[in-house]
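The structures considered in this document are given below.
You will see two complexes here that share chain A, one where it goes with chain B and one where it goes with chain C.
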Partner chain A sequence: MIGRSRWTGYALLAPALAAVGFLILYPLYLVIATSFRQGKTLNVLRLSELPFGLANYRTMLASEATWHSVWVTVVYLAGTIGPAFLIGLGTALLLNRAFPGRRWLRSLILLPWAVPGVIVSIVFLWLLDGSFGVINALLRSAGWLATDLAWFANEDTALAAVIVPTVWKAYPFFALTLLASLQSIPASLYEAAQVDGATHWQRFRFITWPGIRAPAMLAAILNTLWALREFDIIYLTTGGGPDRATETLAVRIYQEAFSFFRMGTASALGVLTMAMAVLLVLLSMRTIRREYF
Partner chain B sequence: MTMKRVLATLSLLACLGATMAASAQVTTLDFPSWQAEEPGFAEWWKGLVQEYEAKHPGVKVKLYSLPFANYVNQLTVRFSGQNPPDIVHLPSRNFASFASQNWIEPIDDLLKGSDIPGQWSKLQSDMMWQGKTYGVLLLPYGNLLYYNEKILQDAGAKVPTTPTEWLDAMAKTTNRDKGQFGLVTTTAEHPNMFIDAATWVLGERQDWLKGNKYNFTDPGVVAAVDQFRKSLSYAPPGTNSAVARQLFIDGKAAFLRDGPWVWATLQKAKPEVRPALKMAQLPFPVITGGASNSLHIPAKLDAQKKKLVWEFIALAATPAWQEKYVQLTGSPAGRLNMINAEQAKTDPHLAAITQAAEKAENLFPTQPALRENYNEFATLFSRAVVRMQSSTQPTDAILANLQKELTAAIPLP
Partner chain C sequence: MLTQSRRWQFTLAALLVAAIVLFPIYWMLLTSVLPSELTRSRSPSLLPQLSALSLGAFRTVLARKPVLTWLANSVLVTVAATCVSLFIATMAGYSLSRFKSRAQQAAGFALLVSKMLPASLIVIPFFIAFSTFGLIDSRWGLILANAAVGVPFATWLMKGFFDGIPREIELAAMLDGCNGAQAVWYVVLPLARPGLAAAGIYLAIVTWSDFVFARTLVTNPDLWVLNVGMQSFLGEYLVDWSSLMAVGTLSLAPVLVLFLLLEPFLVSGMTQGAAAN
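Right, the complex of A and B next:
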């Protein structure tokens, strides 16, 4: 009887498994298989004509540009997730208080998350424009800037310039997740702490943080994985430049594949990016297990 | 009531069926172009499409615009995904990388039945790849110098006739506090930077290649690039070509180096600015130019569509439409002698663009390996230009490094 119900279960699962296999496993196989094809082509039908070998991996691992892209990716992830989390947390704490217009403000803060990356890129391109941008005008009038600083075109500022719109777009997700968990913390805990004379910091540390830690971790992991594959804001604002200053792995994969026609190298870089994502998930598994299981 | 419902459903199905049958009879030719909304060019393309559709009942040309900045990359993605457009419009400098992938069709047989081989610009030879012709050139051009006469007069500068005079005029007309620049050009990393640099280097009779080897460390090349580097210091930073043109049209810049196609766009300038916007020949001993854009047929198109696309190209190549091309776009056409002496007299700008196109020497690399890998070549080049803009590293060191990078990425046989 148990065996029969197990087969029924598998049969019911089969369509979903087939869909997952087709949509996830097959493309994954294709990327890995392509990464072993040496040579230059963009014609998928001609890929099998190319010689098979490890040359793409050797080239990729020996290339200074690869490790530069890994470094840019790591800085981009850290620069995005840290500030987005802190701004999201601050916003959530603020919106958890009672004040007039709170409901409207809750809806408004979600807006950046809903705005498409293309729009965000255009807005920030103009805000940070070297000659006619509002930010530069303000800095010049305050006497903090003497020249035209093209934030997206300057090697020293470009990475920070792409991080700012990414943070702006990412923080509402943190705010929303953390606000939901803040609302599940019983008010009686805060009242008791106040009676005991706990300071604001003590209340945050011993009541608020344990209450929001699990969703905060999950949101941070999800956002890190999303930021790892972030492409549109970076490509539309800087195209990975100037001089590779913002060339994350995602942008480099695109360049290798669709600008230079090196599909094999692009796929090998794709495998490296997947490995980084898996590593991130494995590192966070302990925290996830502790918080959720 | 039920009967009424049945009748209503049947009528609806009949209507749907009729609509589907009608749409099944229509053949649609997909045609993306970065010029579909460009002043002058848009009118020409739309007129051409209209006449073509009138001559081909049951055929619809779906012309739509894609931004130039990502045009080649978007088309590359479509071709690699086996979903190419039916009518392929390409910047000619990128055509070899498409031909080398066997993505476009050789058209030598079709050309034999036309007058194109004998009546076209010598730059039609740029449409050759490995001995076969892959397209029809639409616009051969020479680069031009656009200037704002009022800014020059106010600054006490004159229209330059040498590179040194040009740099002096840029210096005199730059006033960043007023938001006024001596030059507008591409200063954000983009393959277009190669075209600007080539204007200075080839213009000064230097060359990137010596025989079959890279020649970036040659003192003559370094000196010309140094001048180009200096010119960038008078331009607004982080600007792409579209923004550069807009700034010039808005009257915020003294000079713009660009092709003849900008002339039609200048008509969009405000009435108080427009009279000051003028055109002259570039102040170099050699005028640079090249094949701008071309039409192609994608490979493996079915025979019926291939015939239809060729008929579209053939219509575009007729003397009537080539003449309209010159009139509407203010640019030279692929077909020769589309501007007669009388027109040249009455319209000095047409005379200037014709003169530039006739004199122009091809600025794009003709070496097959560089043609095939033009995007990578120009990308590596533009990164070197960015280094020139944002560092104090000497030009010769930056060019030596570029030569090393190019030798590794695109070795020349």
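Right, the complex of A and C next:
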């Protein structure tokens, strides 16, 4: 062990503390401070010369666009987490079996987790392209689609179109967490159930599910926080459009800051987004305490 | 217990699942190696004619766009940010594992809070700070931003691995005449190699994936990374899908290799940290 003193411990920790301060404390401070600055400026160094007050919050809370974004965000979260959980659970149950080639098949099935958001975006833009997208071609040949559908450009389908790639990138995280907890369930429980003549469903309901429920909850919370932060996929595929149909808070924040240069409005929206995250964490504090720390 | 044929049935099922979930990747690869007449079609064939395969799209895009510059920038930023983060996270992880203190709970809390800030929000204070210190349009700025982002989770990961290495091993090395730093360097770190690999891969993938920082903190096209370069294709009136998929393939290749080779480390590390997302 390097030294015995507490100071050695803190010295080793110091660079990480600096990084965390830079990554979390400083941004929190600056975002909150900026959220009180009204108006727009092209020169961020002169932000502090803007008038100070609550106007950003007043405008934000009174604006319909804000509540529209909150609603889009909630739909996006719900639409992502449900399907991602089910696909993750299904693949975890499959990968929990012992079969030849499992090592490589597991890697392949979990691969989407590692695919960068930009690649996810360009691939799904191409797959779901209106004129030459292969998905449209498949749907046409199956007889499920009569005319071409530009999934990302159509107001009615755009939100679904951004949810699909998000689910694709999100399910491996569920699969991974659930797989780990499945493997910690003692095999003897299943053997005992077999002796007692339990059905497949009974085994899942009374052995598997209780064993994975808590980690599944934690994974759902973390995945929701991730989707709340998700920006790349929506920004690159639809940019929040058409007509704001996919404008989640994370996308709106960026547009306000770097398209309209309203740093104050963007920061106020950021505070609102963080408030949603805090609310989610507080509501699930019991699970987080038990499973996370 | 299971008969051999039942086990192969699961292999078959897993192959089918893999084929479905990897179809998007397959289609990207296929688009990049087929002439665009075949993929820009109303009814493209899902299986390629092998005779039609060509690397034409790669040649075209390398000639038309500064792909190699983007690639070099991506590699540089990723390698530098990963090294910096890994160094910081290894020290911090060791400290959290060996020196029980209040910092442990605080570390868990910091990790959780870092999961609550969207990158599109964090980039605003970063942009303001970097403007103040003249780090906009600088590789250093980009490296710094990416290095900071990876530290909380990599630290958590390393702490988990150090927790699994008994202190007695270090004490034994010290009885044999090592000083504390030598014990860590010659005994502990080699044992923590799977952890270093897992944290390194995690950090490399996160930095390689970064788009928001690269898009916002850098405007000079000479400093663009691959991800920003790929975005520039989307702004064009007619998107050249073959070329774009070729760049995408180049960009995915390193991720694919790293992930497939080292996924087991990542999985065992993540099950301890359980918060990689």
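Some points to look at:
Criterion: the second predicted complex is superposed on the first by the 263 of 293 C-alpha atoms of A that agree within 3 Å, B and C clash if a C-alpha of one lies under 4 Å from a C-alpha of the other, contacts with A are read in each partner's own complex, and residues count from 1 in each chain.
Just so it is clear, a residue touches a chain if its C-beta (ideal position, glycine included) is under 8 Å from a C-beta of that chain, and two chains touch if they have at least 3 such contacts.
On a predicted model such as this, the values are computed, not experimentally measured, just so you know.
Per the definitions stated earlier, placing chain B and chain C onto a shared chain A by superposition produces a clash between them. By the document's definition of touching, both partners, chain B and chain C, reach A:F132. When the shared chain is aligned, chain B comes close enough to touch A:G241, but chain C does not. When the two structures are aligned on the shared chain, A:G53 is found in touch with neither chain B nor chain C.
In the superposed model, A:F258 lies in contact with both chain B and chain C. Of the two partner chains placed by the overlay, only chain B lies in contact with A:F152; chain C stays clear of it. Once the two structures are overlaid, the count of chain A residues touched is higher for C than for its counterpart among chain B and chain C. Taking the listed stretches 62-70, 188-196 or 314-322 of chain B in turn, the superposition on chain A shows a clash with chain C for 62-70 alone. Residues 44-45, 129, 132, 258 of chain A contact both chain B in one complex and chain C in the other. Those residues of chain A that touch chain B in the shared complex are 41-45, 129-132, 147-156, 238-239, 241-244, 255, 258-261. Only residues 1-3, 6, 8-10, 12-13, 15-17, 19-20, 22-24, 26-28, 30-31, 34, 44-45, 47, 91, 94-95, 97-112, 114-120, 122-127, 129, 132, 134, 137, 140-141, 168, 170, 173, 176-177, 179-180, 215, 218-219, 222-223, 225-226, 228-232, 235-236, 249-251, 253-254, 257-258, 263, 266-267, 270, 273-274, 277-278, 281, 288, 291-293 of chain A touch chain C when the two sit together in their complex. Across the complex, chain A is touched by residues 2, 7-11, 13-15, 17-18, 21-22, 24-25, 27-28, 31, 39-44, 46, 85, 87-89, 91-92, 94-96, 98-99, 101, 103, 105, 108, 110, 112-129, 131-132, 147-149, 151-152, 155, 167, 170-171, 174, 180-181, 183-184, 205, 208-209, 211-212, 216, 226-227, 230-231, 233-234, 239, 241, 244-245, 248, 251-252, 255-256, 258-260, 263-264, 267, 270-271, 274-277 of chain C.
Every residue of chain B that touches chain A in the complex is listed here, in rising order: 73, 76-77, 79-82, 97, 101-103, 176, 179, 181, 187-190, 236-239, 373, 375-376, 379, 382-383, 386-387, 389-391.
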